[in-house]
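As written, the chains take the letters A, B, C, D, E and F, and residue 1 is the first residue of each chain.
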Amino acid sequence: MTTNPISATVPFDQDGIHHGFLRLPYSRNDSAWGSVMIPITVIANGKGPTALLTGGNHGDEYEGPVALQELAASLRPEQITGRVIILPMMNQPAFSAGLRCSPIDGGNMNRSFPGRPDGTVTQKICHYIASELVPLADIVLDFHSGGKTLDFLPFAAAHILDDKRQEDDCMAAMQAFNAPYSVRMLEIDNVGMFDTEVETQGKVFVTTELGGAGTSTARSVAIAKKGIRNLLIHAKIMAGNLDISDTIQLDMPDESCFVFAEKAGLVEYLVDLGDTVESGQPIARVWASDRTGTQPETLIAKRDGILTARHVPGLIKIGDFVGLVAVPL
Amino acid sequence: MTTNPISATVPFDQDGIHHGFLRLPYSRNDSAWGSVMIPITVIANGKGPTALLTGGNHGDEYEGPVALQELAASLRPEQITGRVIILPMMNQPAFSAGLRCSPIDGGNMNRSFPGRPDGTVTQKICHYIASELVPLADIVLDFHSGGKTLDFLPFAAAHILDDKRQEDDCMAAMQAFNAPYSVRMLEIDNVGMFDTEVETQGKVFVTTELGGAGTSTARSVAIAKKGIRNLLIHAKIMAGNLDISDTIQLDMPDESCFVFAEKAGLVEYLVDLGDTVESGQPIARVWASDRTGTQPETLIAKRDGILTARHVPGLIKIGDFVGLVAVPL
Amino acid sequence: MTTNPISATVPFDQDGIHHGFLRLPYSRNDSAWGSVMIPITVIANGKGPTALLTGGNHGDEYEGPVALQELAASLRPEQITGRVIILPMMNQPAFSAGLRCSPIDGGNMNRSFPGRPDGTVTQKICHYIASELVPLADIVLDFHSGGKTLDFLPFAAAHILDDKRQEDDCMAAMQAFNAPYSVRMLEIDNVGMFDTEVETQGKVFVTTELGGAGTSTARSVAIAKKGIRNLLIHAKIMAGNLDISDTIQLDMPDESCFVFAEKAGLVEYLVDLGDTVESGQPIARVWASDRTGTQPETLIAKRDGILTARHVPGLIKIGDFVGLVAVPL
Amino acid sequence: MTTNPISATVPFDQDGIHHGFLRLPYSRNDSAWGSVMIPITVIANGKGPTALLTGGNHGDEYEGPVALQELAASLRPEQITGRVIILPMMNQPAFSAGLRCSPIDGGNMNRSFPGRPDGTVTQKICHYIASELVPLADIVLDFHSGGKTLDFLPFAAAHILDDKRQEDDCMAAMQAFNAPYSVRMLEIDNVGMFDTEVETQGKVFVTTELGGAGTSTARSVAIAKKGIRNLLIHAKIMAGNLDISDTIQLDMPDESCFVFAEKAGLVEYLVDLGDTVESGQPIARVWASDRTGTQPETLIAKRDGILTARHVPGLIKIGDFVGLVAVPL
Amino acid sequence: MTTNPISATVPFDQDGIHHGFLRLPYSRNDSAWGSVMIPITVIANGKGPTALLTGGNHGDEYEGPVALQELAASLRPEQITGRVIILPMMNQPAFSAGLRCSPIDGGNMNRSFPGRPDGTVTQKICHYIASELVPLADIVLDFHSGGKTLDFLPFAAAHILDDKRQEDDCMAAMQAFNAPYSVRMLEIDNVGMFDTEVETQGKVFVTTELGGAGTSTARSVAIAKKGIRNLLIHAKIMAGNLDISDTIQLDMPDESCFVFAEKAGLVEYLVDLGDTVESGQPIARVWASDRTGTQPETLIAKRDGILTARHVPGLIKIGDFVGLVAVPL
Amino acid sequence: MTTNPISATVPFDQDGIHHGFLRLPYSRNDSAWGSVMIPITVIANGKGPTALLTGGNHGDEYEGPVALQELAASLRPEQITGRVIILPMMNQPAFSAGLRCSPIDGGNMNRSFPGRPDGTVTQKICHYIASELVPLADIVLDFHSGGKTLDFLPFAAAHILDDKRQEDDCMAAMQAFNAPYSVRMLEIDNVGMFDTEVETQGKVFVTTELGGAGTSTARSVAIAKKGIRNLLIHAKIMAGNLDISDTIQLDMPDESCFVFAEKAGLVEYLVDLGDTVESGQPIARVWASDRTGTQPETLIAKRDGILTARHVPGLIKIGDFVGLVAVPL
């Protein structure tokens, strides 16, 4: 069995605050003895639960990295009981390139778990996280947003699981996070996801989608910051009271929630995120991008609900996702 | 004197509706006898003024192209008196690549006027528009948005000009467009702009910034569509009543409106577009993108006003624009 | 066992004509929720045999795609008994890029069978075709040509197989296709080929090489169209009489048919496709590409026969194929 | 006035045969003190006229380079009276990359004359040839073919000129070349062409199109070799008798000879090079490249004649040339 | 079990000298029937031991290729007893591109052994060498240098092995090579190395690091040439006396010999190769590369010794190797 | 006349130390309102001469940038009388990419003077330096080394000028710099050089070549640091005594000092930098890079002297510089 070549420059078992790196040797044309350096902060204080907080699973999603950078720079050991492990930019090669997937190997990290110690760079990082960090954790919060090509209503989510006790714990943690929208998800194709790896290890897991378009706003980052604090209080790592506002519960029951394009062109949205749509209602049109005077293709919602996610770039390709219509509960 | 090699496949002097192309022969490795084909629609009906409506000056800005594609596909000659020339994707090579500048020659079209008939592809297109299309027009509307890297509050704008009568006409047209915000601009460095070329030819000129992030929304496109209709009524090409709502008048008096970054990193906005800021207020922070545990650089507004434009990508480079604080009048 | 993520938007078990796609979800930097969309047409009418007709296995070969696009657009259910499944551009990512191999993963589709449901994009497509489409078929016709870098005399081919009954059926189908040349092939290294996968499933299989140079001609496409019609008649899916002309039977007995270059340079052919050559005859010379005044390297046929295939680009690299001398029977 | 930095390693004024280079210093990232090296051969013997023979004006056209490489390696001084200057690969950077245009600066050499001594690499080469080599010549033969994206019937051509005596000399030289087809051309847009530069200097000029598709054949190279010998005899540099076969005289009177595509897709030719077509006859169809079941766009000949040139790649882009219908005289 | 598709154009079992290639068929976009051609020379004379001499394992290291090219061009069969197999550019695709790793598949050859017959191009080459060439050898000498991004003091090295008899043989061969420095190495992570493969097969193995910076010098190549001759004499393949000078014995006992950068920037070395350093001594500083006026990060030796290797490029990235402090014995 | 768009964030007329940037607005696809930021430090104290110290004219040469970064971070105003302007990375886009020329426009800065205010990015920087900074200076020191593709013996140099008084001043400054070698240069092709611009403005100018291979060493940087201090003392900006060692005076009288390659391949140097060579002596050989068993091309010195510069990469291209033989005085 190959050993994972990643080593941490920080200790996981010492009280106090330690900033450092997960270092992965990576030999390449522009650095024969180079390394991938994944920033990590470990804050520990006495006995208590461990929270693993991750961002940058996809490298072009920013609410998590911003909120976690601030947390790593401001949280003091005496504010917690237990341990907080912070990885603001988990897929560091993708993050530093501003891309969803790793520029080294094309790896989509959230389809590469549990990874391999002798695999690609992305697979090695996944394997280290799955085999070394997740086992240390009681609760895991993984931040996502839409990235450069998708935009979402801000929501936290937990999965429907076979183990109903674990599912209840996850749903409770999601409600504690208290994003403006909360989603109960049945993941049909969950192979390779970080979510699946964490849940398989029996941990409490919460994920989010907090915006998109390859950016973040003061408002969307505020949701992330509040959610982190709420979650750490919920997990009994921080003291204090939860900060709870109204949240809209959403369901995504099946494939009919999703609309895809069958023609490439210039996309025009007829409704915006958060708007209510009805089954059969046009939600977007695709105009020719190379000529004038032709009629557009109209794209239709297949069920009643709220437009919860959409495509961002002004041009759309054949097969691209157009819109997600989720069902308020 | 070289002749511009572009030819139009549509007539400019016939009543009715004609869809076609400006064809520019472009010999290259992947097509020895290829062409750049810029879509154009000409709609004419009797004697009357001519409006030239343009989008895609920058290829990653979408409100103009969407609204103009719909106009070209729906406006009937009997609805107008005079002529409407529609170029939804003026810098077609940039538009089809989804880029601000031309992938052929790197040309930023709005810094390439009046162009050259024997220049680069971008310069040839500019020269044709400046020498063949602008002279046909009485009023010109050029759509802009922020593109992939900027986001704007939606505004129409007209320039402060030496000829005060022309300036008044431009300001009146801008007010008729009636975007949510209206900006009176003093362009300091206007060399190479389409705006300057049109104004130099003595025409009425209106421009816009209607959003950004490389996308458009139902709301932002609705502003463009209303503005076009209002402008055509204002120009007496269409009949009907102007559709007028409240608009906020903004001023951008000098360089102190602009904030730039002097460090690269992960940007966190502390205020959002439309928020009021005061001189000395932090508007953004830049976190390290390669390590945790360091303090961010804080970026400060240099005057009171409203955050009117911002950087979009979650990572920011040294020298990048951060924020524009405009002054409400 | 992982499930193949590809789904078809057309039914395989309904009479009539259905045009649609094989949709493969493909998450990537420029479309987080994007898809590869492989065009497919299914035409069915009552009980009868099924023909699977494929083109675009290599993305720069055009006789198959052209003839199959016309078939898909013109064949009516009432013309057939049974079913015709048409995939004109099987390796769609390669086809749309005009490349032999997939631009996504570099995959040479004809060395990627039987594929993997959890593999690369090319492997997933292969796996779907091998596990879902081939089992539906009684006879499979896969179109090839030389692509951008090879040119062939037009031939249909069938393989020498262990199962002589199956071999006879394949040879009969090849003769029914009735290309100008017909080749009986012993495939020595057949690992990963579509041919092998189809034959292993016990089906009748015919392949072709109909030209090359990354293009097609009216004459070469006519061979493909005639061949399709003959094959469907031969398979008793269409009624009518075979359209049969003379065909020259060729054999490629061993490695001595092939000539390769050991020097890079500017290639000069001394004989053309279809010319007769003798063992020891120079068939090409390679001149220096960076200087004048040097003597060329001469390349020699190693057996008597007909020049059946050659290299296309004017520059040749070390190790490139130069010529194939096949033996008329 | 800047001096052209190119120097020749061969003498132009010494009898005998000299192989060498035109050396152009070219500083760049991968060679701070590097050079572009353009192969040249000069063969001289006593007093007599000078022929300048050039290939590789476009870097992906091969009949000229092959025939001229053989000439440079085989012609002996005693076979001539006067001087032969041979440049088989005039745009050497394009030639070595197998591209029409220079990979260094994108320069299309045949639109870059008369060049500049302080310009791009392509412009410097043009300036040297125009100012140093053309003045030495009495007759200039420049070889062209279709390159990777065009294919031509094999023809030699001369231009209609204002100076009818010069025109007669050029036409006589073209007839002496004796390609299978001979074309009398009125060049409408001749700015930047090598042809124009040579003709402006009062020289006899012949050009060719001998095939295409980025390759050459034994047959097409034989036309080039015969044409060179005939031309040198015609110019009284070599002794011997002209080798003359039938040639078909073609005319290309105006723009109606050319057909261009207005839709991108998969192109199907309905006639081949050399076929007779009538005005109104479909010559090609363009099928969708991303779906089945749609009707193709049909492209129509605008006059009677012979299909003399066509597009090569199986995929065609909007604005690409489709076919040239020339008129036999 | 798949067969390795590589074939040799030279015999391994005939006396005399044979120059040729290992030919690996490699189908790709720019050559459908292309090949990778790896140069090889086999020199044999009667019965005796076999030496396998390899360079170009990493494609940007030059002492080995230069010395082995000269050996292949000058060694005569009558000078030896036994056999010498010379592969000066083992990873030919990397070598011809001047890169450490293969441009085809990114493969680092020295982490790709023992390879796979059905793997990537790099894996296929490794598999052929491991399964066909190493078994023929009694002694293997593999040349390395620092490549473009590292520079080394010139040393030969042998590994500490479990089989002490084999280790003694390797150490003796290393001492016979007699580089200016000699290193006894404990390879901790030896998975995939050529070294490991050869040692596992029980052969005598010597490796080197003879310089770096992507170049070689007269002095560094002289070390390689002397070492080859000495090694062939030591192995009793050549007759003659060893040419022995002083060599400094070095040890690299553990990870504390290595210094890595944790900040990117402009690197300043404070000591040079061969200089003595003490534990705690600064060996380099990293300055900001985008601003002036900031303090550099200082990098410290963690033990006493000699600076034996360093980073070459003037800019350094986070995680890059900075210096190796080896311990003289 | 266009105004140069560059502005400085530091004052040039205030005592004290100021670190900042030259900011050049640069609109592009990845930052619509981005900037090029060139670091600058100005240190001033009372009345006295001004020295302009520049590095990074070519972006892959490191002695200047390292020594100037240290100077900018350590020199205090009270140490000087007058003013020191420091630009360690003049062509910042090239420097940050580690390339000789600008990755934005390919510009070789040392062939782009005096630049243009409306030109490319490189031309704008040149114009600003030539029109705003050089006029402020009495003495200018511009650091060069060989970059990634050349290596030099360390020398300072001054030019032979028409104004002998200015020449004497430059020679005196060069001698004060006191590099190990000192070169009196006749620049034949000096168009576009920074040197020429400075000299034309009548200033004292010194340049250097201090090493190469895209790196620097403790020894080579020490030469730069000593030279700066000596020069500032010589210019009476700093007090103190010159630190003078032996220097070897070299001359490069004509083109016969330079040797270029006429064949591409694997280069073997037969002498090293600093070695004495005689006219007719082989200095390098070029081996085939794609085969074994062929004889190398030998490259010959054309005069007696010292090998003063050489090519670095192990592979050499046709037309590349091989060696410079300078003449000791």
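A few comments on the model shown:
The definition used in the following text is that a residue touches a chain if its C-beta (ideal position, glycine included) is under 8 Å from a C-beta of that chain, and two chains touch if they have at least 3 such contacts.
For clarity, every value in this text was computed on a predicted model and none was experimentally measured.
Any chain touching chain B that also touches chain E appears here: A, F. When every chain is reduced to the mean of its CA atoms, the largest separation from chain B belongs to E. For C-D, the equivalent interface among the listed pairs C-E, A-B or B-E is A-B, as over half of the contact pairs agree by residue number. A centroid comparison over C-alpha atoms places C as the chain most distant from chain F. Rounded to whole angstrom units, the spacing between the C-alpha centres of chain B and chain D is 43.
Between the CA-based centres of chain A and chain D the separation comes to 58 Å, rounded to the whole angstrom.
Rounded to whole angstrom, the centroid-to-centroid distance between chain B and chain C, based on C-alpha atoms, equals 49 Å. For chain D, the set of residues touching two or more other chains reads 21, 37, 60, 262, 290-291, 313, 318.
Viewed as a network of touching protein chains, the structure does not reduce to a path, ring, star or complete graph. Those chain pairs judged to touch are A-B, A-C, A-D, A-E, B-D, B-E, B-F, C-D, C-E, C-F, D-F, E-F. For chain B in complex with chain E, the touching residues are 262, 264, 290-291, 318. In the complex of the two chains, the chain F residues touching chain E come out as 17, 19, 21, 37, 39-41, 60-62, 65-66, 69-70, 72-73, 86, 88-89, 92, 95-96, 98, 151, 213-219, 221, 266, 268-272, 275, 287-296, 312-315.
Note for the complex: chain A touches chain C at residues 58, 60, 99-101, 106, 108, 111, 146-150, 189, 191, 260, 262, 311, 313, 317-321. Remark: chain C residues 2-3, 5, 21, 23, 26-37, 118 touch chain A in the complex.
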